[in-house]
Each structure stands twice: as structure tokens, then as C-alpha cells.
Amino acid sequence: MAGNTLGQIFRITTFGESHGPGIGIVIDGCPPRIPLSPQDFTQEMARRRPGQRPSDSPRKEQDHVEILSGVFEGLTTGAPICLYISNRDADSSPYKILGQVFRPGHGDYTYFKKYGHFDFRGGGRYSARETAARVAGGVVAQKILEPQGVSIMGYTMELGGIRAVHMDLRAAKDDPLCCPDRSASKQMQEALDEAKRQGDSLGGIVEVKVVGCPPGLGEPVFDKLDADLAKALFSVGTVKAVEIGAGFGAARLKGSENNDPIDPRGFRTNNAGGILAGISNGDDIILRVAIKPIPSIKKEQDTIDREAKSRKITLSGRHDVSAIPRIIPVLEAMVKIVLADHYLRHEALKRYDSKNTP
Amino acid sequence: MAGNTLGQIFRITTFGESHGPGIGIVIDGCPPRIPLSPQDFTQEMARRRPGQRPSDSPRKEQDHVEILSGVFEGLTTGAPICLYISNRDADSSPYKILGQVFRPGHGDYTYFKKYGHFDFRGGGRYSARETAARVAGGVVAQKILEPQGVSIMGYTMELGGIRAVHMDLRAAKDDPLCCPDRSASKQMQEALDEAKRQGDSLGGIVEVKVVGCPPGLGEPVFDKLDADLAKALFSVGTVKAVEIGAGFGAARLKGSENNDPIDPRGFRTNNAGGILAGISNGDDIILRVAIKPIPSIKKEQDTIDREAKSRKITLSGRHDVSAIPRIIPVLEAMVKIVLADHYLRHEALKRYDSKNTP
Amino acid sequence: MAGNTLGQIFRITTFGESHGPGIGIVIDGCPPRIPLSPQDFTQEMARRRPGQRPSDSPRKEQDHVEILSGVFEGLTTGAPICLYISNRDADSSPYKILGQVFRPGHGDYTYFKKYGHFDFRGGGRYSARETAARVAGGVVAQKILEPQGVSIMGYTMELGGIRAVHMDLRAAKDDPLCCPDRSASKQMQEALDEAKRQGDSLGGIVEVKVVGCPPGLGEPVFDKLDADLAKALFSVGTVKAVEIGAGFGAARLKGSENNDPIDPRGFRTNNAGGILAGISNGDDIILRVAIKPIPSIKKEQDTIDREAKSRKITLSGRHDVSAIPRIIPVLEAMVKIVLADHYLRHEALKRYDSKNTP
Amino acid sequence: MAGNTLGQIFRITTFGESHGPGIGIVIDGCPPRIPLSPQDFTQEMARRRPGQRPSDSPRKEQDHVEILSGVFEGLTTGAPICLYISNRDADSSPYKILGQVFRPGHGDYTYFKKYGHFDFRGGGRYSARETAARVAGGVVAQKILEPQGVSIMGYTMELGGIRAVHMDLRAAKDDPLCCPDRSASKQMQEALDEAKRQGDSLGGIVEVKVVGCPPGLGEPVFDKLDADLAKALFSVGTVKAVEIGAGFGAARLKGSENNDPIDPRGFRTNNAGGILAGISNGDDIILRVAIKPIPSIKKEQDTIDREAKSRKITLSGRHDVSAIPRIIPVLEAMVKIVLADHYLRHEALKRYDSKNTP
């Protein structure tokens, strides 16, 4: 049973490969009468688009989102919304020799083992290009969250081992690396430049903060809000760890330190990260995500081919030096999609109650 | 839409509260003709059962698993398997005053906000008692994995800030704290004793290792194996972080360091933690989980009541000092359940292929 | 992937076999704060219980419903509700020789082919006994529908070829065969007596009428209300046909005859049977279901055994002469369960809209 | 929760409206390495295409199927397959006045009630045009069934009250109305011509026969094969009744007549219609479907507008006189899609068994 669908009420299905005709997303379960137009996607798609920073892949894609269905006279109809993004600047030539040799750190080996056949051009289905469809989906999710006063923001906490210390979230919005610490951002950029010179790549840590989430979202005991957020974030290719609130730090606290005391104005601390027993508690939701260094590097690497013979590989395609910052709108989109789904899931049952209780 | 079901082919649904008649699990999708008897559950249930160690809750439960359906003449039939565990030693008396006052770090507050009504006795649905049903489910999942040579083992990497250094996994099996390092285990026990004296509690880190997992498990792009494992682990109440392979460490490596070079005998390193592009690569799967300190402590805490008035609370129920080690069989069970499901999901499509390709 | 779960928001899973310890149902997604007690089940369970009429199986079951979870202080909590019914008068002795020989018209042959192993005692999983759990589920669904003014009623339209002509639905409530036509009911009873003497069985037609269903229920294009009702009804073992509104009659009408003209007070006719384009239109929903004669008969029949050798079989277990009228509360329950689910599904999205549109 | 997805392992999602940019289908769960090219769709799409017979809508659509994803080097990859069909000859001009006035027998009224907003041009989402995407999906399902020797064929049993008597299924393949009885076909054509002259429309009955279905398909107790087939058929807009095997006829038989005796060569009769206890028994699967007359007629009809005022309506769009025969490939496609899904579902568990049982 394949796994290209996520969510229960607000449910997304993505399709498409890096070097096929295009990529897309079908959203089933978007409420009707929400204004939606192609222009709504421009800003978010631009944030994820390659070719904007020196450390980005030089691939140029307009990433124009076409609305193929589900919208009439500028409003969603309740029917499935198909959003489609053509692939225009797909250059498959560097990939000719690939498909025989497994690139270390990539899905080549596992896709071959699983499917016995795979589209190796630019990573095919497991290319980061698939995430453009997720960003488009996140724009629609945002339309559900915004009227509820929920806002989501991701920013770079660490890159190449350099950590943000001063936390100025407004500064992060304008920073080319989405870093809330200007001086750390400069050092990060130098680290990126150096890695690029070396033909290498860097990883880092992104924090995503949700402000204004109402209490009550999350469906225990399995579809807890943190569980579904973790799944959605881990479904992004380069994520190797997720923590919520105090995260690994909580393992070193005592109960008396980690419990967040409650007073009439709310929780005094937020070690829980906004989620208690799998349900949002009304406080900020804080998620931290470890991003591995991009596996496509120009340095020579040892690997094997389809016949399991030793091979050397040197990659020449167009790659970013780090998934950060382009991955940030993708992580935000995943959080938005999960929250929109859980918002509607909670409404389904909550509303019944309010209507039937005297 | 409620969330008490997990999995697609091997699909579990749990029910029951800490102080109701009992707890149970329905497993739908277990293949037929697998030997299963009540005795199969004894050992795993014993590992999770309270009242065995000085740091455990003194609640005594036999945790005898009744098979209510799905087994005939000692074999599974393909029909849903309902496993049921009666609550015998449920003592609700200490909880009388609760339900008015929200215990910090517990689900009281969020359940009240979400449902407007909740079973506060011993945590009701959000009690750790619910996890006994998961352990029973894990025993059935194990029956699917074992013939494939897959084995799963969890152990304590850290407790109360004390870290295991010597890694002797065989020692962990006999260690009362499931710690692979004898001398660290002793220090951990001292820390537990000290915390108990203080009326406080401790957290820690558990690692779960899967050996023998065949390559090919995992269903991109959303039901990736790591994404589904993370969700299942986060669905356990005390988990605040999950990392896979190098985890947060990967954020500080360069691509040339983090990529696992491949040679004809396999991967030379395992920073990936056994999962590449969301699909198992045949190497060991390595997961690390942060366990928060148990929120039930004997120290006085600040909180509020249902009318949002400030209150002091001092808990007198029967509680563990740490979720470790009793949580380890629960984490293992979740990993088993996810792997059994993904094994069957992969078979569904793989087998078709092998049958139809010349 | 096994199929013992039905519904999306109000989601049921049944378990149990005719001659195992008991049967049950887990309901996940019932809204919180609905009053529910064991007494709520008494009346509906009695309607389905065997041993009440001369044409019924003489098996005696109290069919007492235990609430194992999901209810606290007399109210649903939002947690899964497990309802359990012990099997007390299960007499497996007549089934000893079975399991070797396939009873014609029963699931013996197909269960053996599918699972290679089956619980043949009284039909095991494919026994009509499983439907007692559905009736219990219907009682909970009713609790959601009733406050909305929705009522569901089934009645016997035809039995053993005898058709109800006078339609007095109030009379059906008291009639031992749930027939709205007193004189037809007498003839039906005579036909049942005669079939019993012959060791044979009878089929018939049941109509289910839903009054007060609000417009807007149903989720095109696949989860249309009629599609989900048809599935739920066909999931009852003896159903061989389902029609809605004019049904097969619509095939012989012209568009000008079949279209239901609309005027300001509503639809002038109801050939649609209350469902247009898969969505309820506010009119009565009319469903007709063909019930096959019970396959367990006392007459000698030709069949084969597990080794595919010809065998004669004469059944001596305790069986009804007709599935009517005991099947009527089961069919009603399935309709209730589907409507409750669709009611909540529609609310999830409708409510969003009403809240966000100026 | 919206309902545009069908199936569990072989899972389809359709999108698109009659007068939007196009319609499409995403298939998730198609096994890898199946040959698939745009040419594979030509023949089936032609069978459903309008404008071929005098009684058809004069709308001309090439219905060319583009493969947007999931195929590489002519083989499926295991990734989701998106099939897309552009709308070219969409003429919205006759629909200008619509949207204010509800067409009797159409979804206008219920879509308006449900969504508060709808695409009324040509029926938008509830147009028969959506079924073109289903036919494309059926072509892929066929690729899974064909190697197993399963074939599916639909034919016209009745049209405008004229019944096929001589059953020559080979003749049905060439017959313009897919009728197995040449002389009945001529009368049906005359009835269509007469109805067209009158500005009216006709309904009928289609039988679908599955030959070669292996025993064991179907997942009790809810996802029974007949239940899922009935749902899939009822999800097609014009279907008002479904019967299996003897269907309504079974209601008038005695058990001794209706039970199909078994002998070593198989079942002697097929009243069951190839499905016993929800599982295929290896015999032919026989389904009969009532098709209502097309609601779009040229005769003047009474209706109301959005303000619930009485209105007269006369439709001038391009419409068929009967959904038969163009609906036949759609019904076949739905049967194929359900069978492919159930085939894979059964394999998932069956295969496990065969591998692990000595």
C-alpha cells in the first residue's frame, strides 16, 4: 500500500518527478468558499525556488502554480483542488550515467531495492523538487489557519555548526538564510561559501514556531498532534531528528523542573512545547528539526553499481550547498498542513458537542 | 475524527482507561495461521508490569491477556484479534479530589479543553496503563517479524543525566534498568533512589535497535519508514524527541562525512540509521528517544482548577520515579507494530511484481 | 488489508465469533458528553435476539451489552467506546463434523479458500451473530442522529413471495414480522410455518425509511451517501440487492417521469429516494433490500469436503427459518451508523464555512 | 471529510470539473514495472467518448490521456500515476442562466445546499465528464487483472423497457448499444430515436460479468467484495440499484432453491453471483445495475431558483438521450478498480501465509 496521501479531513496527495512533465498536489477536503487564486502561491513558491542565492542550485524554475480544479469564480468549491507545476528547466543530461551507480546518501539504492526500477533523473520521485507541491499545499492550509489567528514561522537555528544566539525573529524574515541572528548569519554564509569551494555540503537545525494555535487540537492516542507533526516533518527527505519543546533537554530535567506550572494566565514555562498528552495546550508550539547535509557533493565518493561492483562517483548536477534555507518553507508547509487537518478534525467533534449540550 | 487506530494493513485500535473495567486492543489484518496463545504474552507483559522494582508504582496488575477473538485451535484465523486485559488493582480513591484541579505535565488540562469532560482517575485514557495494550499488540507483530529474521531491542542510554558508555547489549537484557553499561546502571539506580527520596522524578534516553530488517520497507513520500516510526514513538506519552541514525549529530557533519559510502558488502558507516529516502536499506535501524521525567511527583506544585483559580497540588497516587525501564517494551512494541505493517505493505506490491515479471 | 472497520469520523470496528468468548464493537469518533448507559441497549438488542418467535433459532442469548470503555459518569468521553457481548448459550456440538464439509450457501468454502483455516462453529466470524455488535453500534449512532430529528425505520415489504399492500407503518412496529400490512403478515407467518415443516427457509424484501435527514449529507464523488449506504447494507450477510428510491423501476421511466419536479415546498415526487448526486436532498430516504433465504436448511444437500470429494449434508443446528424480521434492526443499525458518520463528516466542513463567511 | 478517494492498496483519487481546465486521476499503489503508455488508453476512452452515436451528446472531446507522473522508460515506477485529460470542447454558453435555477434530477440543488457555492457549468464536478478519469483508471487496473486471467464485460440488458432475450455476448461487443441481442438492440435504437424526438430520455439495466476471478477476494466483515463493488457502482451518478447473482429474485426463492450445491467441479448453479459471505468463490461474478434516465431533457420542467421561487426550465445543452451505452465502460472501470484493489489486498495477507507455513 503506497503512501503518497497525508491527512484525514484536509487530505493531500502529491505526484510527479523531478524530470517528468511536472509535479502536483491534490487537496481533498478543503472547505468551500475560500478565496483562492494563482497569485496566492507566488510568494511562498518564491521562497523555495532554486537559483536565488549563490549557494543554491542554478536550476531556474518559475514554479508557476496552475489551479486545475476545485475553484470556481475565485472560490474553492469543496471539490478536490489539483495544483500543478510544470517542470521547465529540467536538464537530465548529467544524469545519463546514473541509474547504474548508486549515489551515496540518496534514495537510488533503496528505490532500486524496493521497486526494481526507478526514475534516477535528478532523483525522480525522491528529489527535493517534490517538495514544491507541498509548499503549494501549505498555502491552501494557511487559508484555513489564518482566520483562526494561527501563524507559523521557521528559522535557522544552526548551520554548519554555527548557532544563532541572538533571537530576533523579525530579523529572520529578511535574512537571506532566515537566521534570527545577523552576525551568526554572516558566519553561516561564510561556512556555506567555504563548503562550496570544497565541493562539500552542510547541515543544520531549523526551529518552527506556531503562535496562536487554539487548545484542543490532536487526536489521542495515535494521532496526537506531536506524533502527526513529527511524521510530517520526518517525511521531508533531509530530516534526521525532531524534538518538541525541551526535547532531548527534557531527558535531563527532573519532574519538578520539567513540569510547566499553570497559573490563571496560562503556563509559566513551555517545556512541553505547546502540546500536552498529544493535544495543543494553547501555548506556542515549538519544534526543532535536524537537517542533514545535502548528499549531492562534488567530492569523489565510493559506491557500488547495480551489479554490486565497487565504483567511484563524482557528481556534476546542479545542487544546493545546504538544504537550508530553501527547506524552511517546506517545513512550514508541513506544519500548516497538519494543523489545518487537525483543526478540522477537532471541529468535527467539538462542534457537535457545543450544539447538543444545553 | 478520532485517532485510536494505527497502521494500514496490520492495523491496531486500542481502547480502555486506567480505572475502567479494562484495556484492550483490536488487531485487524493479522495474517491467518499464525500460532497464538495467551502464554505468548506473559513475558512481554511482565517486562512492562508495575510493582517489580523499588522505583515502580506499587500498583499490582497481573496483566493477563485474554484472547477474545480471531484465534481458533491455536491459530490466527485472519479475523480481528481482540486482546483484553482486566483492570484489577485500580484504586481510584486518591483521585477523588482530582478532576477539579489540573495536574501539571498531565493531560488533565488539554483533555478538559478538548472534550469538556474526562476520566481523571489515574489519567483515564491518557494513563500509561493504555500502553499495556500496545505491548500485547507488539507480541502479535513480533510473530510476523520473527520468521523474517527481524529482531528489535531497546535499552537505556541515559537516565537522570547519567550516560551509558560501555555498550554491552547482552548485559542490558539482564540489567534491571535495561542498561548496557553495568556501572552506569548502578549510578542510575542511585539517582532513582535519590529522586524518590525527594518526591521527584527523572527522564532519560532510550535507544531502539532493529537488526535484520530487509531492505525495501517504507512507502514514500509520506509513509516513509522513519516518518511512521517517529509518529508511533511520539504517540507514546512521555516522548519529547526522536532521532534516527546520526540524528542531531548529522546537522553538524559535512556531506562528505555524513554520506555512508557503499561497498559490495554494504554500507561502511550507518549515519543514515538504516533508512535512506524513507526506505530501509538493510542496515541496522537505530532510533533514539527522549523520555521526559514522569509528571506525577510528590512535591507541591502550582496549578489551576476548572474555574481557572490558582491552586496548590500534591500528588499521592502510586507512580514510578521514571518511565524507564518500563517504557522500553512499549517503545519496542511500537517499532514492531510499524515494521510488521510496513513489511506487509511492501509484500503486497513487491510480490505482485515478482510474479509478473519474467 | 483486512476490512473490519467502517466509517471515517464515526468509525466502527467489530470483532468476535459466534462460538468464541464473545463479540464486540469499538466505536472511535463518538463525540464527547453524550449520555450512554447499558440500559440504552436493551430494547434494540431484544429486537435482534434469537428465540423469541417460533421461526427463530432456539439459541438463547441475553445479549447484555457491557461498556468496557469510553464512558465516565454516564457520559461519553470522546475516547473509543468498546461494547462487549458475551456468548453464553453457544452450543458447538452440532458443528463437530463440520469444518470438513462445506455447507452450501455459507462462507465455509470461501473462508477456507481465503484463509486456509477457519472457525466453522456456527459460522464463526461469518455467523449472523456478529451483527449483534452492529446493533449495539447503531444505538450509539442513534444518539447522534436523534437530536437532529432523524429517525430510521425498517419493515417487511415481502416475505416468501407475499407482499405487503396496505402500508401502515405504525402497525409494523407491533407486528411480530415488522410488516406494515396485518393481513399480509398473517400469510407470511403461515408461509414461515410451512417452510419450517419442510425444513426449508425463506427470503424477502425489507424497506428502510429515513425521515428527517437534513440536506447536504454525502461526500462525492466516491463516498456518496447512497454509495456508502449500499456498501453498509451489502456488508450484511444475506443481502443480495439494494435499491434506492424508484430503484429498478427508474430504469423503465422516462426522464420526464423520473425527474422529481421541485416547488417551493420541496420535491413533488421522490423517485430519487431522498438522494441526488450522492447528497441527501432533505426528502425521505427510501432503501429496499433483498434478503436471501437462510442457507442453513434441514433438507439434504449436495456438497464437497476439504478434499473436494462429493458429500451429502443435513444440518441440525439451531437456525431461523428466515432472516426476517431479526435482520431488520441490523439493517437499521447500518443505516444509522452511515448517517451518523456522514452527519459528522458534513459538519466538519460545513461548520468551518459558516464560521468564516461574513 | 471529503470523499474523492477510493480503494486501499490500489487507491484512486479523481479531480476536475466538466468546464474547468481538465479532469484527472491519481493512482497510488500501482505495482512497479508494469508497461504503460498513452496508447493503452485510446480504445477504452473511445468507448466512453461522446459524439459517436446519434443519441450521444454532440460535444467532441479527443479525451487524450497524458501521463503526468509515475512512469519511466515505459514502465510504472511504484510512484503515484497522474493521468490528465484536457477539456477542449467545453461550451459554457448554454449554462449562463443556470446557477440560479436548479435543474430537476441534477445535483444543482444538493450541491448548493451542501457547499453554498458550486460550479454549475455542465454539472461541474457532478458532470458525467468526471467518469472519463475513472475509465482511465480502469485501464491501469486492467493491467493488474489481465495477467491473472480476469476479464470484465458489461452489456445492455434493458433499455427504455426493451429487454435483451437472446444472450450472445460476442454480439454485444460489436453492437452499437452493447446489447447481446441483435433484434432487441434495433428496438432499443428506435426507442432512443423516439425519445430524442420527444426531447425526453431513457433508462435501462446493465449487467457486468467478471470471468476468471480467483477465489478469496474480499475482506469481511465490511469490505466484502460485493459491498465494495456495490459502493463503487453506486458512486456512478445514474445508478439507482445494484443486484448480485439472483438479486431481488433470491428474495422469492427457498433456501433449497437458492443455495448453490457444490460438486467437485464447482458450483452447480450461481445464484450467489460468484460471491459467498463477501468473498469471491471462483465462479463468474454477475452484477446488474439500474440506470436512471438522464435528467437533462428538452421538455419544460417545474423547478425553483436559489431564492426558492417557482420557475420553469427548458434545457438546451448537449446531452445524451440515455446514459447507455456510454456508461458501460465506466461501470466496467469501477469493477476493475475494485477487483485490482482487492486482488492486491488479498495478496498482501495470502502471500505471507504461503511463505510461512511449512
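Each chain gets a letter, A, B, C and D, in the order it is written, and its residues are counted from 1.
Keep this in mind: a residue touches a chain if its C-beta (ideal position, glycine included) is under 8 Å from a C-beta of that chain, and two chains touch if they have at least 3 such contacts.
Keep in mind it's a predicted model, so treat the numbers as computed, not measured.
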Using only the chains other than chain B, in their current positions, what clusters of touching chains do you get?
one piece
Quick one: point me to the chain whose Cα centre is farthest from that of chain B.
D
If you average the Cα atoms of chain A and of chain C to get two centres, how far apart are those centres in Å?
45
Need the CA-centroid distance for the pair chain A / chain D, whole Å please.
38
Could you state the distance in Å from the CA-based centre of chain C to that of chain D?
26
Junction residues of chain B, two or more chains touched:
1-5, 8-9, 14, 29, 32-33, 78-79, 114-116, 125, 220, 345, 348-349, 353, 357
Seen from chain D, its contact residues with chain C in the complex are 1-6, 8-9, 14, 102, 104-107, 109-111, 113-116, 125-126, 130, 158, 160-161, 195, 198, 200-205, 215-216, 218-224, 226-228, 230-232, 234-235, 237, 240-264, 268, 271-273, 276-282, 290-297, 299, 301-304, 308-310, 345-346, 348-350, 353, 357
Mind listing the chain A positions that touch chain D in their complex?
1-5, 8-9, 11, 13-17, 20-24, 26, 28-30, 32-33, 66, 68-70, 72-73, 75, 77-82, 84, 114-119, 124-125, 348
Give every residue of chain A touching chain C within the complex, in rising order.
1, 8-9, 29, 31-34, 78-79, 144, 147, 220, 344-345, 347-349, 351-353, 355-357
